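The structure under discussion appears below in the form of structure tokens.
Note that the chains are named A, B, C and D in the order they appear, and that numbering of residues resets to 1 at the start of each chain.
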Amino acid sequence: MKLTVINTGGTFNKVYNPISGELDVPTHNLALQKILDVTYNLDIELITLLSKDSLDITENDRQTLVQCIQNCSNENIVIIHGTDTMHLSAECIAQHIGNKKIILTGAMIPMSIDETEATMNFSLALGFLNAPIQNGIYIAMHGAVVSYKNIAKNKEQGKFLVQ
Amino acid sequence: MKLTVINTGGTFNKVYNPISGELDVPTHNLALQKILDVTYNLDIELITLLSKDSLDITENDRQTLVQCIQNCSNENIVIIHGTDTMHLSAECIAQHIGNKKIILTGAMIPMSIDETEATMNFSLALGFLNAPIQNGIYIAMHGAVVSYKNIAKNKEQGKFLVQ
Amino acid sequence: MKLTVINTGGTFNKVYNPISGELDVPTHNLALQKILDVTYNLDIELITLLSKDSLDITENDRQTLVQCIQNCSNENIVIIHGTDTMHLSAECIAQHIGNKKIILTGAMIPMSIDETEATMNFSLALGFLNAPIQNGIYIAMHGAVVSYKNIAKNKEQGKFLVQ
Amino acid sequence: MKLTVINTGGTFNKVYNPISGELDVPTHNLALQKILDVTYNLDIELITLLSKDSLDITENDRQTLVQCIQNCSNENIVIIHGTDTMHLSAECIAQHIGNKKIILTGAMIPMSIDETEATMNFSLALGFLNAPIQNGIYIAMHGAVVSYKNIAKNKEQGKFLVQ
């Protein structure tokens, strides 16, 4: 299967900075790469579009993301995105693109701190794309892969829950 | 989504035994449980059927597995299985069961040694089950979820590859 | 060997909070306990005195720490402490206590994110206490165990360096 | 402090081989290097002498080890060694060398599986060498650093215990 993965940053990628004591969004793809290294049956194009906490993603950034998707030759697309504004980006993409299978995913816990949740969320998207699904904009988080309209982040619980 | 997970053992579950210096298949589900803990949108029934290296799985064990599946009220089933005889079990299940969505998965690297591959393989199955798939016997490994007939383990490379 | 370990908090103990996205100093001793679990030859008394980032440690806290040490029946004491004010606490202890072997240690990287540095720093202290050392106030960090007067944190590099 | 680290192999270094499903002693020093990377205050010479399970270490290998130590310009020496024959090597070294501070260490759990025990054992040795100790042959394991004559491996418990 051919697939484009677009990395926009977010908690999924964050790494601890021992100097500042903070978690930074790095410009590298080490978190993602560790997963991709064992996907022997996929032909993946990896695009590092942004390296931002999703609270810092602007409307301009979303236009850039839409253009990036429009320029993709692959119809299967997974987007790594911060969780706080994942829905805003999903809505923006939905307004412009209807002819692809696009799945947004991310993590509440950085891959560099604990690999389970980030790996699961991303791999849910890969598993879903292996099936005969319809074009659309989906979110893959916490065991579910559904239309972005049918899932929401519960900020108090730190969970994405199907509505 | 309702789902039954049947654990039969295999490398996925193995843990290091400091006394013997060997990797044992434990009777507990700690590896699996760590993943299930972040699948907030799934209603999972977990059955620990066997705790065996797959080279030790007998025809009797396979009959037990078939009966276990037949007794499941859920139609979505994921089976954790050792990689060496995953195909034999898949074939045995295919001979007896046609009315469920059954995905076998496992790992080349124990979850307790590195979480990425085991989590990915299992989560591929979860993602695939989120899609409108047909009844059948599938294998989810290394980025692919396909009919068990269309994927094989390459023992020299330690990879499951789509044929 | 008998030994008292006093946990005052600091980066050594920090754990990621998925709800806030921040690293918190927990009130538990899980980081420390993971190391203590394999120190089969030590008779350790563990005291959780404070759970603070060291920038938040007050003069009152330091007096509490001094009293805690004075009340210890053990002469071997290891203190887990944040790195930013480790020296202030060392100086305060030095002004009041001269009849014990006291080693302050901590970490630049939380044990929960990467176990190597935290485990090394703490174990340096344990190794040093196994030797026939003189009473004094020492700091164990980054390969060195020396009088607190002879080592300093280089904030730009994130390293404790012997002066 | 100047220090020579001699790696002879053993469980400390073992890594999982996904093809064979076994734990191999690698010829690289990745386990050790991860610890050395945060010992900013040490001037370390690293010698990879052997890469063997300690049950496979021969008398010839021990003579090679003795010669390696005799050729060291540093008087502080830490030896990474498998746990099963650590005592045989310690005795052999004691028969030939009296003018150095030599500490044997290792691990019951590979660094690549869990970093805590291996890092602790090695760092005990580093901490001990920071103190004004006498020349001798020591073993650093499980919280203790004592003469090799005063500690023994309890094979049933998987622990080194001071006698």
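Just so we're on the same page, a residue touches a chain if its C-beta (ideal position, glycine included) is under 8 Å from a C-beta of that chain, and two chains touch if they have at least 3 such contacts.
The structure displayed is predicted, hence computed values, not measured ones.
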Contact-graph separation of subunit A and subunit D, given in steps at minimum = 2
Copies subunit C and subunit D touch; is their interface built from the same residue numbers (over half shared) or different ones?
-> same
With centres defined as the mean of Cα atoms, the chain at greatest distance from subunit B is chain C
Between subunit C and subunit D, what is the separation of their C-alpha centroids in Å?
-> 26
What is the distance, in whole Å, between the centres of subunit B and subunit D, each centre taken as the mean of its C-alpha atoms?
-> 39
Hey, how far is the Cα centre of subunit B from the one of subunit C, in Å?
-> 44
Contacts with two or more other chains occur in subunit B at residues none
Chain pairs in mutual contact under the definition given at the outset = A-B, A-C, B-D, C-D
Name, in rising order, each residue of subunit C that touches subunit D in their complex.
-> 1, 34-35, 37-42, 114-117, 119-133, 140, 142-146, 151, 159-162
In the complex of these two chains, what residues of subunit B are touching subunit D?
-> 11, 16, 18-19, 21, 23, 108-110, 112-114, 155-158
